[in-house]
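Given below, in the form of C-alpha cells, are the structures.
One chain, chain A, links the two complexes that follow: it is found with chain B in the first and with chain C in the second.
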Partner chain A sequence: MPEETNSSVNPSAAPSWPVHEDTTAKWFLISSIAYFFIVGIIAVVIAAKFVWPSLLGTVQYLTYGRLRPLHVNGMLFGWLLAADMGLTYFMVPRLCGVKLWSEKLGVATAALWNVIVLGAVVSLLMGWNQGLEYAELPLALDVLVVVAWIMFGANIFLTIASRKYDQMYVSIWYIMGTILWTAFVYLTGNFAVLFATGVNQANLNWMYVHNAVGLIFTPVGLAIAYYFIPKSSNTPLYSHKLSMIGFWALAFVYVWTGAHHMIHGPISQWLQTIAIAFSLMLLIPVWAVVYNFFATMKGQWYQLKDNIALKFLMSGVVFYLLTCFQGPMHSLRSVNAIVSKTDWIPGHAHMAVLGAFSFFAIAGTYWMIPRVFKTSLFSEGLANWSFWFMMIGGLGFFVTLRLGGFWQGWQWNNVAIPFIDTVVALKPVWIVRFFSGILMFLGIVSFSYNIMATILGAKDRPAVAA
Partner chain B sequence: MQDHVYPSIYFSYFFFALMAGGALYFFVKSLKSGYLGRNSEEPKHRMLEDDEQGGIR
Partner chain C sequence: MLRKADSNFGFAVVAALIFFFIGGTLTTVVPPLVDKSWGKAFENNDPAKGPTGKLQPYTELELKGRAVYVREGCWYCHTQQTRTLLSDTKRSGWKGVDSPISTPDEFVYDNPHMFGTKRTGPDLSRVGGKYDTQWHRTHFRNPRDLVPGSIMPPFPWIVENQEEFTALVAYMQTLGRAKNWRPDNDYEK
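== the complex of A and B ==
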C-alpha cells in the first residue's frame, strides 16, 4: 500500500518531493529518549554499587544481578536501537524520494517495540533471565522482537523498492545490511544458542554478542553518520566509491571476529587465529569510513564551533576510530592475556556504544527533531552543555576503565595476589567511574530535556532557517 | 535429554552460508550496477537535496 506523494511543498524547488508524515520516526525517537533517561538512572545506580556494594542490596528487584541486564538491554534496545530505527524511518524515505511505504505499519511497530521494552523491564526486574549475555530476555519477548523486526524490515525494504532513484546512497546499503544481519545475528544468538551446550553454546553466544555491536549497531550507526555528516555540514561526502568499499569490507570481515572473546579459552586454536586475523582486517573498513568522514570535513572544521549535531558526529567518529583500533589490538593473544574479562572490556564497549553510536544517534536527533516538528531547538546552550557533560564524563569513564583494566589484568596474572585484594585495589577506579557516570547522566538529562522542550514548545518558536 | 548441539550449530552454519552467499550475490550485482564505476559519485550530491527542506542546516 504505497502512499501517494504530494507535490505541493516547495514546488519551485522540486515539484515531485513528497511530504513526509514522520509519525513513526517521532514515536520511536520520543520513546527512545524516555528510555535513555530512565535507564540512565539505573546506570548510575549500578556504578554506585561498585563503590558501595551493599547499596539497595536488601531489595531483590534492585540487586546488581537484576539491574545490570536491565541497564544493558534498556540501553541497547530501549534507547539506541529504537533511536536508530526512528532515524531510519526519517532517512530512508528522503533518500529514496518517496513516502514511507506504510506509516500505519510503522506506528504499529513502534507500539510493539514499546511493549517489548516494557516487558523487558518487568521480566528482568523479576529475575526472568535466560542467563546469556545480551540475550537475557525471555523467549516470548524474543519472539516479539522477531515480529517487530519483520514489520520494520518489510516497511523499509518496500520503501526502498519503490524508490525514485536507481543508485542508492551508502546509508541505504548500511540500513539494508543492518536489517538482514540482525535477522541472522538475533536468531542465532537468541534461538539456536538455546539448543547448544558447553563450549559450543559459549561460542555461539560470543558470536552474537560481538556481532550485536558489529553487525547491528555499527552498520545502522554508520548509516546515520553517512547521512547526517554531509547534511549537517551541508558538504558532499568525500567519496561515495570509498564508502561502498568500506561497506563491502565490513560485510565480509566482521562476522568472523566473535571468537576473539574466547582467546585462551577451550575452543580450537584455528578458530581463535581466524578471529584474530579478521579482527585485524577490520582496520580496513574502519579506516575507509573514518578517512572518508575526515576528508569530507576538510575546510569545514570551523563549523564545529556552533553546529551541535556536527560536534557529536565528529566526536563520535574519533571514538569510533579509537574503539575500532582498540578492538583488534586486544584480540592479539599477548594483549588479551592481560585485558580479557577485566574492566578494559566495559571501557571498550561503552566507547563503541555510547561514545560512537549513541553520539551519532544524539546528533541525528538534534538535527531531525526541530525539522519534523517545524520549529527550532529549545536551547543551543543546553545542547552544548549536554555535549560537554557526555564528552568529559565519557572520557573519564573510558580512560579510567582502560587503565584500571590493565592494572586489574596485571594483578590477576600474579598468582601471589589474592583475588579479593584485586577487588579492593580497584575501588579508586570505580569511584572515578561513578562520578564520570554522574556527568554522563547530566548529559542525558540536558539532552532529553532540550528535546522534550523543543517538542512541547514547537508552536512558540519559528522553524529552523535555511 | 536429546542432544541438539550439532543441529543448532549446523543451523547457524547454514544461516551464515546463506548470508555470505547473499552478500556475494549483491556485491557482484552492485559492481554490475556501477557502484564502483565512473558515475558512482552521483548519490552523494543528490542526497543533499532530496527532501522538502533541501540544503538547510
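== the complex of A and C ==
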C-alpha cells in the first residue's frame, strides 16, 4: 500500500514545473557516455591479456599494470560518477520544484571534470601512479577533484536550500549524504593516506576503497533508483518510512567495514572482527531498500516488458541484492579463507559497479535524454538489444568469475598443487570472461549509439511525455 | 528523529555527518593508538619469541626499485602478505620450512603500502632471496621462458634499463627479509 502520495514525496505528481535548462546535465551525460565507450575498449583489452599475456606486451604504456588502473578509474570517475552527477543535476531541480542554482557553475564543473579525466588517462598510461588503489591519480588531479566536488556540492546544496517543497524526498537525502560523505571519504583516501605508512596507511586506503563504493556509488545510485523506479513506472513509492530506515542504517553502518579487505592479513584481529560484524549489518539497509522497491513494483511487473528504463532498474536491484548478500558472506573468516584474493573478487566488484550501479545510471540516461532533448528515443529495439547484451555478458562474467574464483581458492588451500597449475587451470574461465566482456562491450556500443542518434536526430521525432 | 530529518535541512546534514564520524574515527584514528605494532619497526633478538631480525629502512636504490614496482602495477597481480592461513605459510615457505606470518611491524617503512588485493601471481611477501639476479632478468624479459603457462606480462623495457633493473631486483630481494626465518640463511643475490 502506498503510504504517502503528496507531491514532494511522489516524484510523478508535480504541480507547476519551472522551465529547466539542463545544460549541465546534458554535458555530464554526454561526456560520461563517451568515456564508457572508450574505457570499454580498454576493458576488453585487459580481459584479452589474461588469455594472451604477451598481447601488446612490449609497449610499456599498454602493459597490464597501467591499463588496469585506467580501466578502474575510467569506469568509476569518467563514466559512472560523471553519469551519476549528470542525473543529479537533472533530478534535484525537479524534486525541489526550482531551477538549478547555477547552470554556468554546472557547465564549468563539467568542463573541469573532463580535464580531470583526460589528465587521468595521460597520467596512468605514463605510469604516474601513486600506488594506492582507487587513489592512483597524481596529487594535482586529486586537488582538482576536490575543487570540482565543491563546485558540484555547492550548486546542489544551494538548489536544495531554495526548494519549494518543505519535505525532502528520499533521493534528496541520499544525494546530500553522497556529497558530504564523499568529501571526507575522498580526503581520507587521497590526502590523509599520504601521512601514514604500512598497515596504518592500508587501513585508511581500505576505508576509502570500501566507502568509495559504499558511501559514494551506493547512495547516489540509490537516489537514482528511488527517483526513476516510481517515475518510470508511474507508481508511488511503497513506503517512505522504510526508505528512511534504509538511509540512516547505511549512514551508520557502512564506514566501519574497511578492514574486511585485510581479513587474515597483518592487521589487528579485533579490527577484523569489528569489520566483519558491521559487514553483516549491511544486510539491514540493503534489505530495507530492496524490499521497498519490490513492494513498489507489486502488480506492476508487467510494465517491465516494454519499459527499457524499468528493465535496467529492476535488474539492477536484483544485482544489488545479490552482490550485497555475497559481500557480507565473504567477509566471514571461513569463506574469506577461500575466496579472498581470487578472481571471485572482480566478479563481486563488477556485479556491484556494472550490474547494479551502472544499470541504474543507464536506466536514468534512457529516461532523461529524450526528455531533456524534447524528443523520443532513437530505437526501442536497439535499447532492448543493449539490455540483453549487458545482461547476458554480465551474467557470463559474474558467474564464471565467482565459480572460477572459488575453485581457484580451493586449489590454493591445497598446498600439494603448485601455484602455476592453479594459473593454468583458470584459463577456460578467462576465455569465457573475455567473450562475456565482448558481449558487455556490444551492450555499451548499442547504448551509446542509441543515445547519440537520439540527440543528433532530436528534431525528427516527437517529444515523449515529461 | 526520522521525521525531523525529513524536512529539516540542517538537522539532516548534521545527523548524517555524526553517524559517519562515529564509525570513521573509531576505525581509522583509534586503531593505531591502541595497537602499537602498526607504527614500530620489527626487531627481535630472542629466538624463543620467534624469528629474530631487524627491519631496515630502504636504501635509495631499493626505493628506486620500489617506485618501478609501483609504476608498473605489479601490485595489481601480487600481494605482499603471508596471512594467518596454513596454505599461505606453506606457499611462502622454503625447503619444507613454513614462512612466518606477516606482522604489521614488518611494513612500517612501506609507503605506499603494497599489501594488494589480488593474487593473479603468487604472493611476494617472502620472495626476497628466492631467486638470483639472472633468474629475474630472464623472467622479466619473458616469464614464459622460465614458467610455461605463466600469464605475467613481459617487461623488456625494465631489463633493457640496467639502472631500473638493478634497483627493482634490489627491492625484490628485501621482501620478507626482516625476519631471519630460513634455517640455512641461503638467500640468493
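One rule holds in what follows: the second predicted complex is superposed on the first by the 448 of 466 C-alpha atoms of A that agree within 3 Å, B and C clash if a C-alpha of one lies under 4 Å from a C-alpha of the other, contacts with A are read in each partner's own complex, and residues count from 1 in each chain.
Going forward, a residue touches a chain if its C-beta (ideal position, glycine included) is under 8 Å from a C-beta of that chain, and two chains touch if they have at least 3 such contacts.
Quick caveat, the model's predicted, so the values are computed rather than measured.
Enquirer: Overlaying the two complexes on chain A, which is it for chain B and chain C: clash or fit?
Expert: clash
Enquirer: According to the stated criteria, A:Pro138 is in contact with first (chain B), second (chain C), both, or neither; which is it?
Expert: neither
Enquirer: Thinking of the overlay built on chain A, is A:Thr188 touched by chain B (first), by chain C (second), by both, or by neither?
Expert: After superposing on A, A:Thr188 lies in contact with both chain B and chain C.
Enquirer: Where does A:Gly97 make contact in the superposed view: on chain B (first), on chain C (second), on both, or on neither?
Expert: first
Enquirer: Please name the chain, chain B or chain C, that touches the greater number of residues in chain A.
Expert: The partner making contact with more of chain A's residues is C.
Enquirer: A:Gly119 in the overlay: touching chain B, chain C, both, or neither? Say first, second, both or neither.
Expert: Once the two structures are laid over each other on A, A:Gly119 reaches no partner at all.
Enquirer: Per the contact definition in the header, classify A:Gln167: touching chain B only (first), chain C only (second), both, or neither.
Expert: In the superposed model, A:Gln167 contacts both chain B and chain C.
Enquirer: When the two structures are overlaid on chain A, which partner does A:Val464 contact: first (chain B), second (chain C), both, or neither?
Expert: After superposing on A, A:Val464 lies in contact with chain B but is clear of chain C.
Enquirer: Could you look at A:Lys341 and tell me whether it touches chain B, chain C, both or neither (first, second, both, neither)?
Expert: second
Enquirer: Based on the superposed arrangement, let me know which partner A:Ala251 touches: chain B (first), chain C (second), both, or neither?
Expert: Both partners, chain B and chain C.
Enquirer: State whether A:Val415 touches chain B only (first), chain C only (second), both chains, or neither.
Expert: Second partner only.
Enquirer: Across the two complexes, find the residues of chain A that touch chain B and also touch chain C.
Expert: 166-168, 173, 180-181, 184, 188, 192-193, 196-198, 200-201, 204, 207, 241, 244-245, 248, 251-252, 255
Enquirer: Which residues of chain B touch chain A in the complex?
Expert: Per the touch definition, chain B meets chain A at residues 3-5, 7-9, 11-12, 15-16, 18-20, 22-23, 27, 30, 33-36, 39-57.
Enquirer: Touching chain A in the complex: which residues of chain C?
Expert: Residue positions touching the partner: 2, 5-7, 9, 12-13, 15-17, 19-24, 26-28, 31-32, 34-35, 38-39, 70-77, 79, 81, 83-88, 90-91, 101-104, 106-122, 142-144, 147, 149-157.
Enquirer: Which residues, counting only chain A, touch chain C once they are in their complex?
Expert: 49-50, 53-54, 57-58, 60, 63-66, 68-69, 127-133, 160-161, 166-168, 173, 176-177, 180-181, 184, 188, 192-193, 196-205, 207, 215, 241, 244-245, 248, 251-256, 258-259, 261-262, 264-268, 271, 274-275, 278, 337, 341-342, 345-346, 412-415, 419-420, 423-424
Enquirer: Which of the residues in chain A end up touching chain B in this complex?
Expert: Residues in contact with chain B: 9-10, 13-14, 17-20, 94-95, 97, 165-171, 173, 180-181, 184, 187-188, 192-198, 200-201, 204, 207, 227, 230-234, 236-237, 239-241, 244-245, 248, 251-252, 255, 307, 371, 464-466.
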